[in-house]
Structures are given as structure tokens and as C-alpha cells.
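Dropping a structure here in C-alpha cells format, bear with me for questions.
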Amino acid sequence: ACGGSDEDTAADESNTEEGTNAEGSEEVSGPIAIDGSSTVFPIMENLTYTYNQEHPDVNVTVNSSGSGGGFKKSTVGEIDLSNASRPIKEEEMATAEENGIQLEELELAYDGLSVVVSQQNDFVDELTIDQLKQIFLESSDATMWSDINPEWPEEEIKIFSPGHDSGTFDYFNEVILEEQPMKEGENTTLSEDDNVLVRGIENDPNAIGFFGYAYYAENEDVLKVLGISEDGNEAVKPNPETIQDGSYTPLSRPLFTYVNVNAYKEKTQVRDFVEYMLNNAGKAAEEVGYVALPEDKYQEQLETAKSWAE
Amino acid sequence: MNGVMEEKTNKKVNQGSAKPEVNKEGIKKEKANNIIEVSDLNLWYGSDQALYEVSMDVPEKQVTAIIGPSGCGKSTFLKTLNRMVEMVPIVKTSGSIKYRDQEIFSNKYKEEYLRTKVGMVFQKPNPFPKSVYDNVAYGPRIHGIKKKEVLDQIVEKSLKGAAIWDELKDRLNENAYGLSGGQQQRVCIARALAVEPDVILMDEPTSALDPISTAKVEELVQELKEKYSIIIVTHNMQQAARISDKTAFFLNGELIEFADTDDLFQNPHDKRTEDYITGRFG
Amino acid sequence: MDKGLQSEGKMIDVQQMIEKNKKKKSFGERIERIIPFFLLLCAAVSVLTTVGILFTLLRESIGFFSNVSLFDFYTGTSWSPWSGEYGVAPLIGGTLLITLIATLVAVPLGLMSAIFLSEYANDKVRRVIKPVLEVLAGIPTVVYGYFALTFITPMFQSFIPDLGIFNALSGGFVVGIMIIPMVASLSEDAMNSVPNALREGAYGLGATKLEVVFKVVLPAALSGIIASIVLAISRAIGETMIVTIAAGATPNLTFNPTESIQTMTAFIVQAATGDTTFGSTIYYSLYAVGMTLFIFTLVMNLIAQYISRKFREEY
Amino acid sequence: MLGQNEQNIKKRMEGRVAINKILMVLFGLATAVGLVFLVLLFYRVLTQGIGYLSLDYILNFPAPYPEEAGIYAGLIGSVFLMIIVAIVSVIIGVSTAIYLEEYAPKNKFTEFIRVNIQNLAGVPSIVFGLLGLTFFVYMFNFGYTLIAGGLTMALLILPVIVVAAQEAVRSVPAEIKEASYGMGASKWQTIARVILPAAIPGILTGAIIALSRAIGETAPLIIVGAATAIYTLPESLLAKYTAMPIQIYNWTGRPQEEWQYVAGAGIIVLLAVLLIMNSIAVLIRNKFQRRL
Amino acid sequence: MNGVMEEKTNKKVNQGSAKPEVNKEGIKKEKANNIIEVSDLNLWYGSDQALYEVSMDVPEKQVTAIIGPSGCGKSTFLKTLNRMVEMVPIVKTSGSIKYRDQEIFSNKYKEEYLRTKVGMVFQKPNPFPKSVYDNVAYGPRIHGIKKKEVLDQIVEKSLKGAAIWDELKDRLNENAYGLSGGQQQRVCIARALAVEPDVILMDEPTSALDPISTAKVEELVQELKEKYSIIIVTHNMQQAARISDKTAFFLNGELIEFADTDDLFQNPHDKRTEDYITGRFG
């Protein structure tokens, strides 16, 4: 909510504190505050956990209050790193600038947004982008599966979607729905909790929904992932290869963290952690069910990051 | 000095005459007349024994008084007669109590039935937080009397019986909690009378009453014994002497002596009874 | 007593000591004067809390109502904020439905449990069962949420075939289970503090336990019982995690308990923990819903308090 | 009896006693319903979580691997939170109750406080979260710290404690208050020496329920920013922290199935703490409770 | 028949002698000896008036009895003397009460102080739910006496004074709620004695006691008046006659007659008094 003007003083304080610390060199210590996307949280937890084992004096805390929640805090300078499953929005960037905060984007991994139905669903295997629009768009009249394809049963489509303003929804909204409103009301269930979506879809042959690849991967036995085809091309299903090589389009998306450059400059431990993060993010991403970026991409970003300190 | 005192003085005059003593055994033989027969009653509160081997036959349609010093078990004994004492969960009893030849401790015997037959008036006034009317009508109502006219009749009769009708006839719908202690107690007596029980147990029923109400209740007790058997605990020996036909003297949980009232007061059989009634005790 | 009098001579004079102590007592007197102020300050905390809540809710609601008219908000029957429809009725309906189901479960079960514990169970049983029941109120609502979703719903589905995976019924039912101890425990306390002399009076007239319970104990304990029910209902209205997880997130104006609904609280969580962009109308709408919820509980409580005052019996 | 013959009364008696028996069974069954669901819940939680429960689990910080993850930070965080909540809310709550029952003049303002408290008891926890965010986190500038969380929770359960304490204070018999005043005891002496001791069982019952509620609360802590992953214990009131329900909620939200069991283990620990709290309070309560 | 009765019989013998009547005004003149002076006291419970224009001077170091039928305002009057009646919030009073020439209704006058000086024993036993010891030590403790030896001494002395030391000396640490009614009441009397007040108000203190305890308490009252002034409400006219120096008769909230006890009983000035004490009343 408020508190934008606090930033300067907060920064000053940490400045003097860290100044002395920096001279001591090698042994880094002090706090690092991270918040943001719940999608990115597992990667970040993995990274901070291993980092903390090497640097027990660094006091890392990670919250997961969503991409927007993270930006709410990072744009006023309350946190050092802000995780996001979508790029920062212009108005958020503007807020940051007003507050004298410089945020820089780093990509950590890829996620393949997976469109799924229940294993009990025996009629759909793949969908085109147009069909997705027909199913999800408010403006479309289709409410029955038979409205999409006459061969499909005359049953109501039940939609399960992540919260409307979550990073995951935002991305889907942007690339599939082209920023037009999605259906709402009786046959739509929104939840911030992806496991809840899994439960909802798994038992209903007429349900359809989407969420991060990791949730599909863990529930392969009860869910059926749909192949997505664009512009008459062959339908592609998400898997680590198709996500990394970009053939699963357009639903393959990058996951980010935004670094508070002011903090990066002033706090040794933030600098140290960002370096560690970029060196280890690929491994961490794979461990928690996401797809790593190509290795050189991490190194490239590391160079960029180092340039901020100047 | 006043009526009450004079009556007592009369008793005093009788003191010289020595009637032949009728002991417990003697009474037991007139079985037909006993409404309650207690044999070898022991009672424990947890591990503390409060009654020891009490045996006593309560005659029908007479007033039986129970006297004894504070803490001797009078209230406990009285509550045993309608099994109210079992409300204290740690209570254990042994022995037998027969009401009209039926064992009240038997599993088959319903305590609710017993308590309809053996009514009770308590030491501390305990009206329900309801109107005077509802207090008195409580008993008849639980026994299924619903007709307004009948209830009205019962309430009036019972309040009259408890010598409080005139005071309260215009306040029947007031909450009984607003009454003074004495008024409350008389409402409680009216409440007990309303179900017209067979036996009425009274635990120091007049201790909260002024002399006039006390005299009325005592008078009432005399009237009631035409139809009912009454057992009354009293801390007031004069009262026992005035109103009872038989008196039982308890001490430390034991029944020391039980005899016709005149005999007991004029010719106590036991040294302790004599000490107690002559005030040499303690 | 004789001994007491004999030793009288060497006894201390208590009043004299009291007099002496009284001179030292200015400290005590100061405490006596300070305490009420301290207590008043503490009592003021709750007022300040309300003021704080109103401040928080109003400040942000004003932002919302500059975009959406108050009239549309309270008369609209469709809630889909992402398409700009802000009729709060479906959320209120969802809240009411959950509360109704929970109350239907908790009040009978809770009261019966209270009666059982207070009047029928012996001391040992009461001392074991009461705290065990209270555990129900302490289980994190997240746990209940998953319990409802993964256990109760499938169970209900076996005899209500067209029950959706998210539905008001299991959400409300589990909320009801959760608030049983609020009703049971506090009502039991109220019944327990009814003087035993009252019970004795009724038993002495040949009343059965049941008659004593219904005609003497319950009326005497009524204010405590109503207080416990109000607390329980308030808790049901405000319950968040269970309904978020098990009742769905479908703003749906229906009184069919087998359907998926959304409560006011569930919407607030959805909007507050989601990524709602700070400053957007949707972000502000959560405060408007919060405000509504607040007014809602206010009205509910005023009604309940009126009832409780009307039935209060002194003893 | 008037208008009724003996036979009728006896017959009715059979019926009344039978109804009493039947309802007794019904009341017992109703009590059992709550217990049955408790057992079911415990059974599910235990079967899910027991496999992951170990000393390591209790002493480990959060970790990205289910086998290494532990609840230590949450456990200690929750305990610290509860200490703050208990101290603040019991002191303020009982004081408020005493003020209202014993000191407050019978006027509009007192009535307003009373109504206000009753109403606060019905305000959803999430709204308290918003309050805490506005005031403790930002306005008082505590940030996302233990004290902000603790104060938010304390305000949340305050009304429950006040209402319970009021009821307890009110049910102290007037006779013993009179006895104390009759000895020349001042108001405060009477309160401290007679009223409070007699009201303790009721106050404790309220406090148990209230703290039980606080320790499982998730929503307001999310709003006032309890951390999800943290590798140090809070060292001061102004330190960041996490709490058990936050960790549990976070684990249940993960895709991999093992995390459900990690969460189950967390629930077991949370319930164990709850049971310990309850047992202590129940012991105290039973020690004091007797029917007057 | 026993000691108590004999004493009363003695009184009766006196009945013939006609002492000159000392009326209210007569007493008022001996001002030096009055410890409490009540003038024109009116008291209302809400809109119900319970006391009407009561004026009465209580003599020092004597026993003053208050009699009257149930509900006539005895308890109310007594509670007014130490301002306990103000605990009922709807109570309003007018008039004046002076204790040792100081107006107790004055704002400056501390009611706590008044109550240390004017102690009270209530109608219903009301021990604290604490141990016997703590009950009796309560008064001294709240007035700052903390030394164990002193408290021990006070407790022993007070319990002896209340005729219950022998019964309870080994049970000092038991909760007073486990005692019988009579025992509880005597503990309450001991509790009041423990602060050694100047005036002791007793509201039917023996109504829950057996005759022996009653006799002891009566004896005690006689002893206490050496040092203290005692005002005792009783429903028992014999008791009033036995133990009091002066007696006040209340009826419907009015003080009908206040005179030396012997005079009042033998030579009642007012017809209503006479009717009441001869039992012709009601």
C-alpha cells in the first residue's frame, strides 16, 4: 500500500551496514528478502536452501505471494528479488521509477503451460488455438463440447483456471485470449491453488483447465495433457524437449526474477547470491519439475548482472 | 409472650409424666403403618462415611422430625430417601430402603417415580428463574397437566397451602428471583405441594421464614399429615417438639435414638440424646 | 471458645494493625485509582481495532466506489470482476449458504453434545471428551479444506451422484464440524454454571433429566448458549480456507448446495493472495467486499444480541 | 394428583423415562459425531504424515527436497507467535472483561464497547490481516516481522477472550462478591482475590479455544507477510519469521505428491503442539473447576 | 427441657413487670452513646420503595435486634448501614446515616473504611471457594497483614470465636465449599470476626445453625458486646428476646417501634407490634 518514501532511508541504513561488511570480504552475511510468484517459488527455495548451506550467515527469506504481490513490494523497495511468472507490467515499472527503484529482469527457467482434461475424457486429444479461444472466451457462445466439435458430447464445458490475475493466467490470457475477457460464472472455477485445479479436473470428464507443467507431470496418471496446434501445424504436447527447444508454442513461457539494482549495488550478499543463482538455476529448475534454459543463457545474464554494479 | 411460646410451654408441663418407652424394635413390629423402612443404611462421600448403619421405619401419615447437630448427616439422610443424594457422583450406599414395601435402590425402581411420590423442600430456597406461576405449575406440567383452569386451581391451592397466596396473588407473573428469601422459600414449598406427593421431605424448611410464616407452615404440616407422611429436618428442637409425632436424633452419621416425640424429649433413652436436648452438648 | 477468650489478653489488636497499615496504603489507593484507567485503556483497544478496520476498509473502498457505483455493487446479481461486473449478491449468497449449512450441522450437534457433557456424562467422561472436542476447533482450516475436498465430497458423491467436486454442501458441512466445539464447549460452560440447587428443585419434583435440561437448565443458561451460537455463526461467516479449497470459486447466485459457489472471504483471499495489480479496480474491490462482510457481520450480531437480551434470565 | 389418576401418572412416567433414555442415547451419539470426525481426520493425517515425521523433520529448516524438509522454523515461529498472542490478548482481553463487568458505568459508551466486541468476534480473520497490514506492517513500520504477526493475531482472538472472560466473571456468585466487599475489601482487591480466581476456569476455556484458533490461522499471516522459506530463527520481535500453518499450506500447494506427506507430518506436529497447549490448560481448569 | 428453653421461660416470668417505656425520642437524647444514627432514611429499588423514613439510633456496645415479617426490609436496612445495598445498581437512598458522627453517605467517606469498621455476616452462608484458612485470613490480608504467625493467631482466635475451631482445626486447608451449611456459616462468622470490627451486622446468622451452635453464637454475641456494637436481624423472636438489649420492629419498610427489648416485648407501644409478637398477625 504505502511506504514508498521509506526507501531512501532504508537504503541508506543498509548502505553503511554493508559497507563495513564488504571490507571483510569473503564471508558474506546479512539479510536477503525475496518474494513473488508461487510458480517460481520452488526454484528459488531450492537455490536459497543450497546457498544457505554454503553461507549460513546470510539470512534469506522467501515468500510466495504471487507475481503481482512480489511487484507490489519490489516496486517500493521492500524486497531484493521479485519472482514472477510473467513480465513486469508498465504500470508496475512506473511505480518503481516513481520510487527511484531500478528493477532488472533475469530469466531462470521455462515452464510449459499445460492444457489438460481428465483421463476419463475419451474424446479430446488435441485442440487448436481457435478452439481454445472458443472454449475460454467470454465472447464465444460455445458452452457445450458439442458446440466446439459436433462429434463431441452434448455436455457443458467446465473450466478450471488459475486466479485471473496470476502470472499463469496472465500469460494464457495474453497469448491465447489476446487480452479479451475469459468466461466467468457458473461453470468456471478459479483457484490460486493448482492442486485444487488438478482435483477438479481429474474427476470430471467434461472439465478442462490449464496450469504449470510440473502439476501435470506429477498427475500424469489422472490427467490427460492436450496437444496444441497453431496455424494448422501439427499439434505439440508439452514435455521438457518441446518446451526447451521452443516447439511447444505459444504456451511455453519463461520464469523470471527481478533484481532490485539498488540493493544489488549496496549489498554484497545480494550480489553474491545472484551470481550463485545464475550458476545453479538450471539444475534447480530441473529438480523441481521445470525446464532449464540453455546453459549459455545463464552465463550471458551473469555478465549483464555484473555490469549493473558499475 | 406469644402463641408459639405458649404451645411450647404446654409441652414443658407434660415433661413430668413418664410414658412407657417405645423403642425401635417395638415400632418395627407395626409394619402395616410404615411407609418407608430403612435398614442398615451406610453412605459414603468418596471415602468419607457420612451415615452408619441407619435403620428406621417412618410411619404413615405422621410427622417425623430429624434433629441433630450441624454436619451430623440429617440432610444426607433425607436426600437418600428420594435418592437425590445420588446426584453427587462420588456417593456410594449400602443397605436397603423400602417405600411402600418396594426396594427403592432396586434397578427396576424409577427414581423419577419415587420423587413424585416423595417430594422435597430444600434448606436454601431454590426457585427456578421463572415466574411464580411457572414455578408452582412446574411439577403438574411435567406430569402432563396442561389445562389452564386445572393449573390455575393447583397454583392457587398450593400457594395458599404455603401461606403466600395473599402476598403474591397479584404478582404471579413476576420472576421468583425478585422475592425476598422467605417469599422464595414459601414458593418452593408451594411448588412441592403442587404435585401432592405421598411423602414430603422438608430440610429445615422454615429456617428462612419469619415466625408468622413459620407458624403457618407448621400449621400446614399438621394439616398435611391427614393425607401425607412428612419427614422434617429441623435445627429447632422446639419445632420438632411442637409439630412431630416421632423424632429421630442423629449424631455423627449415626441414628442415636428414634422414638415418639414426647418420649424422646421427656425421657431420652440415650445419654447423648439427653445431653443434646438439654444443651449440654458439644 | 473458652480457650479463645482466655487467650484474649495476649491477642493482637487487628484493627490497630489495620489502622497502621492504612497509613502505608497510599500505594494501594493509587493502584485502586490507576487500575480502572488501565482497564479502560484495554477496553479501548477493541474500539480502536474497529476504528482501524473501518479506516482500512473505507480508505480503499472509496477508491473502488469511485469506479463502480454503490447501487450497481449492491443490486447487481452477477459477479465477474474481470469483465467489469461487480454485483456482490452471488458472494453474499455463497456466504449465506455456507453459513446456513454449517449452522444446521453445528447447532444441533453442538447443543446436544453440550447437554450430554453437562448433564448426562459423569465427571470423568466430561473431563476427557470436552478438551478432545475442543481440538476440533484448533485444527488448521487448511487441513479441513483438504479433508472436505478429498474425503467428505467423495463420500457425499456416493449417495448424491451429481454432486460436483466443488460444492457448498461439503464445505458448509465441514465448517459445521469445525464449529461444533464453539457451540458445545461454551454452551456447556453456561449450563455448568447454572446452580445445582435449581436442578435439585426439579429432580425433587420427579422430573427426568430431560425435563430438567429443557425446562430448567437450558432456559437458565440461554444467554450463554446464544452467545456461543453467535460466536460459532460468526466464525462460519468468516471462515476462509475451507471454502476456498472445497466450495469452489464460482460466484454463483444459487441456493442449491450441490453447486460450486464462492463466498466473500474466498474472494478476498483470491484477490489478496493472487497477483492483483496494486491500484486496479479489482484490487480495490476486495476492500469493498471486506466492507460488505463487515457490515454483514455487524447486522447479524445486532440481531443476535437483541435476541439474547430478550431471553436473558437472571439467576 | 389433581385431575390425574395414579395409573395415568405411572403410564406417563414410563413414557417420560423412556424418552429420557432415548434422548440420552441421541445426545451421546451427537457427541460421538464430532469425535468420529476427529478420529477420521486424525487417521487420514496420521497415515499420510507419519512416514515423514522424525526428529530431523522437527529440527530441520525448509528444504526443496521432501526428505530434507523440516518444520523447525515454523514450529519455533508459531511458538513465539503464540507467546506474543497469549500475553497480549489475555492481558487486554481479561482487563476489558473486568472493566465491562465490574467498572463500566451503565451508559451508551459501555454498551457501545460491548456491542463492538461482540461484533469484532464475527469479523473474518482475513479482514484482521488487512488491518495488520495497514497498521502494524506499514503505519507502525514493523515490516513483515514477528511482532506485526503477533499483534495482528492478538487482535484477532481478543474478542473471543473478552466474551469468554466476561461470561466467566459474570457467573461468579454475587454472594461471595458481597462477602468480600463486606470485609472492607476494595474493588480491585475483590476482583484480584475473589472474582478472578473463581473465573479462571471460564477464562481458560475461552483462552484455549482462542489460542487454538490462532495457532491454526493461515489467511491473516499470509497477508501480513509470514515468510514461506526461511533458514534462521527469529532473534527479536523485529525479525522475519514463518509459522506452521504457512509452511503446511505451502507444502500442500506443491505438485509433487511427497509434499502432501510432508504437509501431513507438519499437521501432526501442529496438532501435537495444540494438544500440549490444551492439556496444560485443561489441567489448570480441572484443578479449579467445581460446581457452585 | 434444655438450657435455651429455660432461659426463655425466665424471660416469660419477667413479662408481668411494666417498665416505663423509652420511646425513640428518649433514646436520641443520649447521643454520646450512639454509634450509628439513622435519620429519615428512604430507600428505593428502582421505583419500589423498600424503606420509609427510618430514623433510629444504634447504641454503642450493645446488641440491637431487628425483627419483622419476611420481606419487611430488615436485610435491606442492615445492608444500608455498611452501604452494601449500593451494590444493587438501581438502589437510591435519601436521608442520613452517621457512624461515629460522620455522615457515611458523604462523598468523602470511604465505603471500604466503613466496612472494616462495620463488619457483616450474611443470611446465606457465603464462604469463598478457598480453604478455611484463607477464608478467615482474607480480611486481615486485604488490610495488609501478611505475617504468617500473626495470621495463624487471628485465624485460630476467630474460628474459636465462631465455635468451630475444634471441628476444623485439622481441616484448615480444605476448601470451605465441602463443609455443611452450618459449618460454612460459622466459617463466615469467623471471617467477619477476623478484622475485629467496631460494629458487626448479622443477617439471620443462626438460621442455618443447629441449637448448640446457635447457643454458642448467641453466647458469643453477648461476649462480643463488651467490645463491639452488634446489630442482628433475626426471624426468631425468642432469640431477639434472649440476646438483645434493644429491639426494632419493622413492617412494610417502616420502623414501627424501637425500644429496650424487655419493654418492646412486654409492653409494646404500637398495636401492630403487639399483634406481631403475640402471633396474631398476617
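Read from first to last, the chains carry the letters A, B, C, D and E; within each, the first residue is number 1.
The rule is short, and it goes like this: a contact is a pair of C-beta atoms (placed from the backbone, for glycine too) under 8 Å apart; a residue touches a chain by one contact, two chains touch by 3 or more.
These are the chains along with the protein names UniProt gives them: B, E = Phosphate transport system ATP-binding protein; C = Phosphate transport system permease protein; D = Phosphate transport system permease protein PstA.
All of these numbers come straight from a predicted model, not from anything done at the bench.
Visitor: Spell out the chains that contact chain C while also contacting chain D.
Guide: Joint contacts, listed by label: A, B, E.
Visitor: C-E or B-C: which has the larger count of contacting C-beta pairs?
Guide: B-C
Visitor: What chain lies farthest away from chain B once each centre is taken as the mean of the Cα atoms?
Guide: A
Visitor: In whole angstrom, what separates the CA-based centres of chain A and chain B?
Guide: The separation of the two C-alpha centroids amounts to 84 Å.
Visitor: When the centre of a chain is set as the mean of its C-alpha atoms, what distance in Å lies between chain D and chain E?
Guide: 48
Visitor: Hey, how far is the Cα centre of chain A from the one of chain D, in Å?
Guide: The answer is 37 Å.
Visitor: Which parts of chain A, given as residue numbers and ranges, touch two or more other chains?
Guide: 1, 65, 193
Visitor: Would you pick out the residues of chain B that each touch at least 2 other chains?
Guide: Within chain B, the residues that touch at least two other chains are 112-113, 116, 124, 142-143, 195.
Visitor: Using the touch definition from the top, which residues of chain D touch two or more other chains?
Guide: Counting only residues that touch two or more other chains, chain D contributes 13, 16-17, 133-134, 173, 186, 222, 252, 292.
Visitor: So which chains actually touch one another? I want all the pairs, not just one.
Guide: All touching pairs, sorted by chain label, are A-C, A-D, B-C, B-D, B-E, C-D, C-E, D-E.
Visitor: What does chain D use to touch chain A in their complex?
Guide: 61-65, 133-134, 138-139, 141, 143-144, 222, 225-232, 240, 242, 250, 252-257
Visitor: Enumerate the contact residues on chain D facing chain E in the complex.
Guide: Interface residues on chain D, with respect to chain E: 106, 173-186, 189, 193-194, 197-198, 290, 292.
Visitor: What does chain B use to touch chain E in their complex?
Guide: For this pair, the touching residues of chain B are 1-5, 8-9, 11-12, 15, 67-71, 75, 123-124, 167, 179-183, 186, 204, 207-216, 235-238, 241, 265, 276-282.
Visitor: Contact residues on chain C for chain E in the complex?
Guide: Residues 1, 3-5, 7-8, 11-15, 17-18, 21-22, 24-25, 28 of chain C touch chain E in their complex.
Visitor: Chain A touches which residues of chain C in the complex?
Guide: 78, 80-83, 149-150, 164-166, 244-245, 248-252, 259-260, 269-271, 273-280, 282
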